[in-house]
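Input: structures, listed below.
Below are two complexes that have chain A in common, paired first with chain B and then with chain C.
Now for the complex of A and B:
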């Protein structure tokens, strides 16, 4: 069953058919959450850092226009070519154009969630360009024909055995091999050839600095550097919200990013790019793709503060038990659920409901996005815009009519309890989702109100 | 008629008791325990008889625009109370954040005067001792809306000093042994209509939460929200477990 074609609840049913696997997925990501807790606890000013990051991002969102122009001017001064893309399609065309101009038919790409959002790989493949993802996790899922299931740990849904099978099929490793060192070595040899032979390399951007016109790319594998250092053309793709005012602000964000993401003090590589090396071409593609629209929504604009650390995915009790594919969107988890409706309300109307509104996501967020409040607000917008099923709207109207009338409420309560007491089979059956894995509460003979009138009221 | 002053000696505290609909209908013993507890610490308690529901089931489903009737009814019932106290973190949070009504002045006053039971006891009444005994191993489920919404206890995600209002009250109960859980504040997966619309994840979350308590050998699971407890009770019963759930008010009024 292809989880991506189902709504969140449907995909979660599929995911939960293998309970030991759900336990493994939950525990793996919970382990990352606990690593984050330990790393954060070692920074005495952690909460102040979050506040500082939040305020810098708020400033950036409020001054987006000026910061982007400043960034563009400085980047051009540095010898970088700057492109503007209004949407995913324009982004893909710009990248394709640069590759064509370089006379290449192959490209190596390090991690970029933006290119996932724009479906760049599909586009380029359709146009005869071969793309190899150089992040190990991304390469694994690419070989399997899957999208990443997590924005930082793309192959977190796979076990060592799954990776062994994939490499056996595509890279010719021994059947049944699960030794991480052996498998990593096979990937290393395979990617080394890619790095040496690609003339065009694409990277993402973690932070674009308006003050300098430079940008920073964070990786743990050094694969971004390996790609661009050997390529004649470096393309960097960024959503416009990646811009920050000054270089000194990196001192806030770089301390928060890796600690929030994986519990590391800092990513192994924080690569600063300012200008092309002699003989190299450097391009930056700045993408909107709905971001202006989101910036214009007062309730949802601060979702653009996101630095893609995935702490909210790791802590989310729903994500851990439904898997990344259940969100059928490039960015999964709580943050994905508040970003995706902006891109397509109809397609993503289920996502803000894939939450208990427990609020853990907002608390781990290093830039203090009020994620769970936005999930609540998206629910209101989506239902008012008519993206809820008619049956749900009808049920809610009935419920409201009963609950706003003391008389109807008491009557319904009495009938409900009576049914449960004397004809439990009417609710204790397979059509009641509560009853699938849970017993019903035992209904008492009298409500509290009845008791109060009989015993207390004077 | 009630006095509308904010600082009152506690024997004069006129408390309006707000009992969420599902507690009224399915868990009257929790409401009775709450009433007894508030009277025991010296409050004068009234239960307005025409109350129904806070409107949260509709609002969390994306239909806050249908809660006007519930809101007006809530205001009619509670506008005259000095304090409104409820044995539910979740319903209290909903009123605090989302109560708006035709009589907006009254709604605003209610939003600032509603308390969840344990925070009312620790912060307003400032209870220092309780005559209660419950000689069992107890696991405390930190219901999310009470904890992260009302800040009834410190949250594991934040790097900040620990505190727990429910824990503070449970420590006053003779013989009660509070266990430490592996995941001290993970959600149980009830989530309102989430429990049926996302049944697979909801039930799995509930099973995992219950398992944490069982691993630590609890006799009882307690908490400040009956909704979470009802969900976990359903899972315990399906597994034929002898472990039971008790709302914190039932434990704080328990005697040998």
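Now for the complex of A and C:
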């Protein structure tokens, strides 16, 4: 079943059909969360770092216009070509244009959630450009024709047996082989050849520095570096919110990013790009795609502070038990659920409801985004705008009528107790969503009101 | 109106009124022994450290460690006799067969075992990634406590490219099983001089 065509709840039901797999998914992500906790605990000033990161990002959002102008000027001085894209389509056209101008029909790409959001691979493939994703996890899901299910761990929904089957089919590894070391080595050989033969390489951007006109790309595998240092053309794609004021602020963000993401003290490579190497072309594409609209929503603009560490995904009890695909959006999990309604309110109206509002996401966020508050606020907006789920709207209206009238309320209580006692089958069936994963409660003999009246008499 | 001007106009119209930058965004890390901290973290991330008294000892150690290996290149003049390849090639693709690169790191960070290198150390940017094995030589006197201290010392745009390297390349993309040696170097040995 194609989970991407279902709403979150529907896709979660599909995902939950394989119970051992759900348990494994849940435990694996929780393991990553505990690694994050250990790493954070080793930094005594962790909470102050989060506060500093939050404030630097608040400042950046409030001064975005000037920071972007400053960044552009300095990047141009550095010999970098700067492009601006209002939406996904313009971004894709710009990238395609650069590839065509380079006379290439193939490109290697390291991780960039922005290009997922813009569906760049589909666009380029339709226009006859072959794209190979070089992050191991992304390459695995690309070979399977799937999108990433997690922004940091793209293949977290797969077991090593799944990867073994995929590599056997596409890379010719031994049938039944599941050793991660062996499979990774196969991917290393396959991608090394790709790195050595591509003229154009695309990377994402973790941080863009206004003061110096450069940008930072973080990877553990070294795939971003391998791609661009061997290519004639380096394209870096960034949402405009990636800009920070000064290089010294990187100290705060690089201390937080990998610790929050995987519990590592820092990524293996934190590469700072300022000028193309001799003979190389360097391009930056700065993308809006709804971000300026989000910047204008006071309740939701803080979502643009995100540094894509995925700590909120790893900690989320709903994400861990429903899987990345159930969010049908490039960025899954709690942060994706507050970003996606801005992109398309109708299509993503289900996502802010895919949460228990427990607040764990906000507690682990390294830049202190009030994620669970925003999930709650999106629910209000979506219901007001008429995008709420139909069944919920009808149920809420009925409930409001009953709760407004003491007589109706008493009657409903009596009927409910009677039904639970004498005809449980009317609620203990598959048409009652409350019954699918729960036992119905023992009905009390009388209501509190009746009890009170009876006891007051005696 | 160009896309650029329209985007900037939208941003200007929608951004909130200016908020202050934080007054505190650098912090002090008090490690009792910076070298010890560096070595512990380097070991944790899959690298190896060795403390050696001088460059002669480095040479001897590397000769023993990489016995029989060819396609070795270095930027360190004192170790030139170990090399049989050049790093300052015109085309980085010429480094595809590099087995061992020996370079120097001007600054290291105790809190996370990251070593800064830029184009002063790298004749080609791809050297620390394309090589099969990587050796970086650092000095104890250049280990700083944390990243705030590091950014005070380096100038990120002194050259066109610079990177913090922390351990060998790695991935855990297959079932969260850690595999050392993804696309970059398969091993990192850090030689620490006084």
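Here is the rule we use: the second predicted complex is superposed on the first by the 448 of 458 C-alpha atoms of A that agree within 3 Å, B and C clash if a C-alpha of one lies under 4 Å from a C-alpha of the other, contacts with A are read in each partner's own complex, and residues count from 1 in each chain.
The definition used in the following text is that a residue touches a chain if its C-beta (ideal position, glycine included) is under 8 Å from a C-beta of that chain, and two chains touch if they have at least 3 such contacts.
In this text the structure is predicted, and so the values were computed from the model without any measurement.
Student: Could you say whether A:154 touches chain B, chain C, both of them, or neither, answering first, second, both or neither?
Tutor: second
Student: Touch test for A:26: chain B only (first), chain C only (second), both, or neither?
Tutor: Touch status of A:26: first partner only.
Student: Which of the two partners, first being chain B and second being chain C, lies in contact with A:417: first, second, both, or neither?
Tutor: The answer is first: A:417 touches chain B but not chain C.
Student: Could you look at A:317 and tell me whether it touches chain B, chain C, both or neither (first, second, both, neither)?
Tutor: After superposition on chain A, A:317 lies in contact with chain B alone.
Student: Applying the touch criterion given at the start, work out whether A:439 contacts chain B, chain C, both or neither, answering first, second, both or neither.
Tutor: It touches chain B, and chain C stays clear.
Student: With both complexes overlaid on chain A, does A:221 touch chain B (first), chain C (second), both or neither?
Tutor: In the superposition, A:221 contacts chain C only.
Student: On the A-aligned overlay, A:360 touches which partner chain: chain B = first, chain C = second, or both, or neither?
Tutor: first
Student: Need the overlap of the two footprints on chain A, from chain B and from chain C, as residue ranges.
Tutor: Of chain A, residues 43 contact chain B in one complex and chain C in the other.
Student: Using the touch rule from the top, collect the residues of chain B that touch chain A in their complex.
Tutor: Touching chain A: residues 19, 21, 23-29, 31-32, 35, 47, 49-53, 55, 57-70, 72-73, 144-145, 148-149, 155-160, 183, 185-187, 189-192, 194-208, 230-231, 233-235, 237-238 of chain B.
Student: How about chain A: which of its residues touch chain C in the complex?
Tutor: Interface residues on chain A, with respect to chain C: 28, 31-32, 43, 45, 48-49, 51-52, 55-56, 58-59, 61-65, 68-69, 78, 84-86, 90, 134-137, 140, 153-156, 158-160, 163, 180-181, 183-185, 188, 191-192, 195-196, 209, 212-214, 220-223, 225-226, 229-230, 240, 245, 247-252, 254-255, 262, 264-277, 286, 288, 292-293, 295-296, 298, 301.
Student: What part of chain A is in contact with chain B in the complex they form?
Tutor: Interface residues on the chain A side: 8-9, 12-13, 15-16, 19, 22, 26, 30, 37, 40-41, 43, 46-47, 315, 317-318, 321-322, 352-360, 362-364, 376, 379-380, 382-384, 388, 392-393, 396-397, 399-401, 403-406, 409, 413, 416-417, 433-434, 436-444, 446-453, 456-457.
Student: What residues on chain C touch chain A, complex-wise?
Tutor: 2-4, 6-8, 10-22, 24-27, 41, 44-45, 92-93, 96, 111-114, 118, 124-126, 128-130, 146-148, 150-152, 156-157, 159-177, 179, 181-185
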